[in-house]
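Listed next: structures, encoded as structure tokens.
Both complexes shown next keep chain A, but they swap its partner, so chain B is in the first and chain C is in the second.
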Partner chain A sequence: MKKSFNKRGNSSLDNVSDAITQLEKSKDFTRLLIPSEHHTGLCVSYFNTLIDIEILRRDILPYINKTSNTLEGVIHDLPLESMIFTDTPSEVQDHLLIGYISIMLADLNHKAVLIKAASKENKEFALPEVEYSIVGPKEALVESLDTNLHLIRKRLPIPELTIEELSVGSLSKTRVAILSIEGITNKENVQTTKQRIMDIHFNQIIDISYIAQMIGDNKLTPFPLYVDTERPDRLAASLAEGKVVVVAEGSPHGLIGPSTLIEQFSAFDDYFLNWVIASFFRFLRFFGALLSILITPLYVAILTYHYELIPKDLINTLVISRSEVPFPPILEALILELVIELLREAGARLPTKVGQTIGIVGGIVIGTASVEAGLTSNVLLIIVALSALASFTSPVFQLGSAIRLIRFPFILMASYIGLIGVAISFFFLLVHLLRLKSLGRPFIEPLFPLRLSDWKDALVRLPFSFQAKRPVEVQSENLMRFDEKMASDKNPVKEE
Partner chain B sequence: MRIKNSLVLIIMLVLLSGCMGVQTKVLDEINMVSAVSYDSDKDLGKRGFKATAVTPYYLPDKTVKTVSFSANSNLSKETRDKTNLQSDKPIFSGKLKVAIFSKEMAKQHLFPLTDTFLRDPSIGGSLILAVADKNASDIITTKPEGIENEDVGSYLAKEINHNIKAGLLPKTNLHVFTYAYYAEGADTFLPVVDLKMGKPYVKGIALFNEDKYVYQTKGIESILFKMLLEHTSKLGYAAKLDGDLVSIHNIRSKRSYTIKKPMTSEPITIHLKVIAFLREYSNPHPSKNFTKKIEKQLEQDIEKKGEKLIKKLQDLDIDSLGIGDQVRTRTRNWDKKAWEKMYHTIPIRVKANVKIEESGVIE
Partner chain C sequence: MVNKSERIPPYFVFFLVVKVQTGTGVLGFQRLIMHSAGNDAWIAVIFGGIVCLLPIWCMFNILHSHEKDLIGVHKQIFGKYIGGILSMIWIIFWLMLSIAAYMTYAEIIGTWLFPQINILPLSIVFAIVIYYAVSGGFRIIAGLCFLGVILTSFLILTIYFPIGYAQFHNLLPIWHHSIKEMAIGTKDMSLSYLGFSTMLMYYPFIDPFKKAKKWAYMGNLTTMLFYSLIMVLTIGYFTEAQIERYIWPTLNFWSSVKIPFVERFEYVGITMLMFSIVPIICLTIWAAIQGTGRLFNVKSKKITFLYLIILIAFSLSLNSREEVNSLLNFLGNAGLYLYLVYIPALYFITLIMSKRTKKGRDFHEN
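And then the complex of A and B:
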């Protein structure tokens, strides 16, 4: 189990044809047989997500239809300058995976010609808008499945990366690809995903979010059970971690599963920054989520029932700010929460430029005006604005929405029986989270079940040297990411 | 089925929580009492009293007005019903900071009055109890001059707590008072407050026999009492040594007991380790080793005055320092009655060890 992954992958190859067969497991691998009248014909193979198909059509296919029956003849016929002639299986594989085309004789399978045909469409890709990060790559998935697969395969040029394709939707016939790495990803996870996607009976799959909702383990939960990301680098990193990735035609997002609640709080930036800073930011996000859920209910509960809890220096401010307000705290809070939600919704519906104006109008005009008119207290205004702000820190959009929604039952319970109500709501939330599963794996792992080894990348992100083991959550077939000993024994450059 | 179950659970939650009797107390729709006082009222019999409660009214310009309600009764909670009749909003006691008793009240049993504070779950153990030198209601109804944005209750609580941290008061609150009351071999004490120039000030420490006022410490006694009772920091002490005035500051003192043979007439020794800064010395031409000399003289001074204070307590037959409690912790079969009999006869010594850490900079 612990031996290095790459060596294991290539050692079993005896000849070039084995190398090709191994790659054929992926759905984006193509093998063309070109028959010939004089001999057995030629075999052209390539990854259609990695090469520029124009090169094949324009520069290769027209020339190899001639009568040459040896590879040397083929080389002679082709009007290309750089070709590799080899009989090493691993070399063939490695080159195919970075966008080469291999040509060999259909019967004599020991030698192959490798022609560079890598696609150069790199600069067409969109910038990530939802998960923009200041450091790190700025590539986002696009609406084309093939381009997306290319983006992922580019980051994982290994033969073990397998892509399975399904077609779902009786009308839309949407192509859905399930990505996994053989020998790392747990087969059960892949099978579950595949089974669930195959079980979808729906006429139209417009976006990957349809699939996320349909294959979810619990359809009543507001929490996203899979990470939805637009970053190909995050997808590739998740694959390497042992997770399953699903991408669909027409959707610029990918799904990652199994996922945990804590993973939803980790932005991909966390891995680009120093671990101390990243851990601090991650902590800030957890704090933000708790604050966002609890601060308005606490305000309502304390002002309605528990005046004893207010520090005596704060009473003055609170009483004065409340003295003009004609409503009880619950109504006041609900009105303001509703205003904020309206602003957010209006901002989301409007084009970006107008949306900014809405933010200013909402924040300054409505906020200050309602305080001056005596409709709400300014302390509550700060609290509600803070909780809205905090809910926007969640790196996964769906999670932020869930946090904003579950706040409302908390507020109602707080106004009903005070802090006990908040505690009861929290208890309900906790039970709900405990019951949640993502691809059948516990959703709030490593908190429960308590897996201390997974804490290295949970509430804090420890340095990469601590991350030698893959998370237990994914039940990977190969637990080790890298050789811990090799990594720690590594000698920095010695100066004489 | 699952939906049905959770529906039943939610309905039960809603219906049953109606039985909890939770009462809304919206912050700006209640009057929060910040201080109460008890003055005796002999018209209502021996235990009759006049209770006064003050509640702050917060005005929009951030100033605080204090409004007082008073009622005469025999029972503390009954007065609340009576004060409610005078108030525009319901009165709640969860923010009560200070309770002040007049000396007249303290001379009778005090504990029945504090009982209501212990029973009310909204009142915390940090409630400050104090004894008024004269009239208790005057202290809480007089708004301290120049203090605009604070009510009397929290001003008094701050003042007393500040004097506990850096002044002559030992730690005192409802919890400490109750502990000392129930402890075998310890008597209670409370701070004494009085009005001076329209402001409350801490005058000394009232010593109780169980819960009956007996004696009020004067001047240096309060400081010695605090040093002998607990570990202190930031205390000041002044003494006249050989005609020179010496004042030491920033005292950090530790006291420990040596009880060789508990429950016998063997002397009990209280060790005081005092580390301090010299801040004032009226001798303009001190000798070279004057700090050593001062240390020696201060030790003698503290020992003499301390022993005098303890003797006084023994004569009054009160054990405010909790010496009995110290003996109890060192005795296997503690006999409260026997201790009470022998308490005033046991010789108790004070052994001081003064160290002057810094004597100031003089060119």
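And then the complex of A and C:
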């Protein structure tokens, strides 16, 4: 354990006051100096995102500004039962990070009293709605920045977690917090993020998605260059992985960067499930995306130009289903794709309950009716519905939208030069993906540049014992997450 | 010096070399070589691969001792004007290579998929895609070559189908052609191995370049193995008389592919070739653009436009099989002289100069 991250961080602390100074780098750390009549005064310090400020106001402050000039006196004065009297710096830090308040004499800095004041609002948080998972925690970020920081800090009670705050937007003055872990997160990534956010010149920042669009490396791309999540556990896990996290006041979402295309395909559930199952699901999502992009264009290309490709048993089915249809495949495909997109858009605009009804009614009624009326073939109906379904498997909403959008140029090119058109469009997409960068790091990373060590958490998610190294993508300052040897040593129980 | 974020690790040289060698050549290299070397053509293929190691070795030594790309080397040795003219020869050569690669693919599309296609819009679509790739810089091109190798590598599995029909006793008797016939076969093989000279331009982008040498050799030998595999299969699958009639025997292999859900696999194969051939066009045209940019200090955007217009113009003017074929033959001969005469000559000049100036003390170590 000698290389363990926590131990190294604390070994340099000499006394309690140093421990507190180290924590002061974070924006949410508060240090109050309370003058006293007989003495130099008392120093009260705490994380305001972690404690219940009511406890401080009601139960502590009224009592300590009396006459006490020793810490023993303070303990005596306070009407609270659980108090810790300590002189160990690491103990002070650890307790502060889980919601304690520390009180010490301003001139005597080797002893402190720790009082439990953690806020108990845990159960009031929202349920994740966009990224709901069956297994795992069901907490989501809310619109208040302080609560969100509390949720993240609760999961990472270490002094190295630093929070920097900026104010963006000339009218909205939105508070934006940049989170990183000292010694893990690459400083260059933090600096880039900070610089880009400071360079934003806009009057109003309503939501974190404004920031995501404004700090993106490429503004012409439909792909999301940062992971947008509402799960505090995902944010905390990304921080531990060495990524930078940005949260903003008024936004129930956080941004994670640098991100890769493959990361966008990983739902956070993947880590809650057994790795075999998780890998299967993840693979399914990749397949779904490819299917969603390619299947309608291939239908158009093959039926317009390359019917020789179809095996003779299948061509019967296709001919029968298309014999009544008066349109060429391209028009047929565009009409149906448009119908599906309209249904999706209508479903998104309407209130939840009505939206569901519209989806079902629209899907069944319009689909069946258009086949019966002979406007479209039922094979194409299956294909279009399948491709829409597949596009909804993407765990990041923005990615699903991008996939649905890039399908249309593919379809048009397919109707122009068939399979060659599909291939050219795909080639163009590849070039585009190769050119994309997230926080200056390559976007399709483990594929190009080829980093074999990052494949452990890409197309498949290998077991946690394989995940000892942080991804090369983030260029972390501390590559190792844990000691691989310690993890693999299982100490098997001897059977008698 | 090239920006650090633009540089790529040395093992990419493997993919760059393999990609640039195996794109267009592999489709129709058999006919010419079997014309002279008959059923011993596979030996000529191996000879060709081994002979190509010499110019690679020379190139590495030239680049090492000067630590500049080809344009810089020419300028240093021959001065501004003569060096510039020599650089122009290479630039034109690379440009012609990219045109040849495009013409081959356009011809395949025209022959197999769309006999009535209007070439102009097709060329414009290709030019747009190539422009988008080339303007992204060398990293993008390297990525495309890498992905091209990965995406098309599964096509090699399709040789499973023709193997069933192949008569490998066609290979016997081994070595019954004269040395002269084999030499002609080896020479004709050279066109298929061309293209790795682009290394002379992407030298500053590889970091560290010293380690790239073994990857380049390995790339060349992988290509050689791949070609000889195809060649052995061709000799087994076709008779020598059949080969005379086929322009792209490798594509004819795909006629024997039987998969339950695809009736004519050639169409799928030719579509997949996109990922094999367009990266080559990008790489060679990039070398030409980069060379011109370094030579005249012009913005690469304008040169890219110019070269793509030249590409489109060529695709419009060369429309018969004979014309494309004569372009390929011309490039084969020109490549032979450039690789086997010019590069060694440049190496000797470098050697003499480095001895005279005693600057290249560590030259012999490499």
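Quick note on the criterion: the second predicted complex is superposed on the first by the 488 of 496 C-alpha atoms of A that agree within 3 Å, B and C clash if a C-alpha of one lies under 4 Å from a C-alpha of the other, contacts with A are read in each partner's own complex, and residues count from 1 in each chain.
The rule we apply is simple: a contact is a pair of C-beta atoms (placed from the backbone, for glycine too) under 8 Å apart; a residue touches a chain by one contact, two chains touch by 3 or more.
As the structure is a computational prediction, the values presented were derived from the model and not from experiment.
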item: Three-chain arrangement built on chain A, chain B and chain C clash or fit; value: clash
item: Touching partner for A:L290 - first (chain B), second (chain C), both, neither; value: neither
item: Partner chain in contact with A:I310 - chain B first, chain C second, else both or neither; value: both
item: Chain B versus chain C as contact partner of A:L419, first or second or both or neither; value: second
item: Touching partner for A:S323 - first (chain B), second (chain C), both, neither; value: first
item: Chain B clash site on chain C (candidates 116-124, 206-214 or 332-340); value: 116-124
item: On chain A, the residue positions that both chain B and chain C contact, one per complex; value: 305-306, 308, 310, 312, 417-418, 420, 424
item: Sites on chain C touched by chain A in the complex; value: 5, 8-9, 109, 113-114, 117, 122, 125-126, 129, 132-133, 136, 139-140, 143-144, 146-147, 260-264, 267-268, 270-272, 274-275, 278
item: Touching residues on chain B, where the partner in the complex is chain A; value: 13-14, 17, 20, 22-28, 30, 32, 58-60, 62, 64, 92, 94-95, 97, 122, 124, 149, 154
item: Chain B contact footprint on chain A (complex, rising order); value: 302-308, 310, 312, 315-316, 318-320, 322-323, 325, 328-329, 416-418, 420, 424
item: Chain A to chain C touching residues, read off their complex; value: 305-306, 308-312, 314, 413, 417-420, 422-424, 426-428, 430-432, 434-435, 440, 447-450
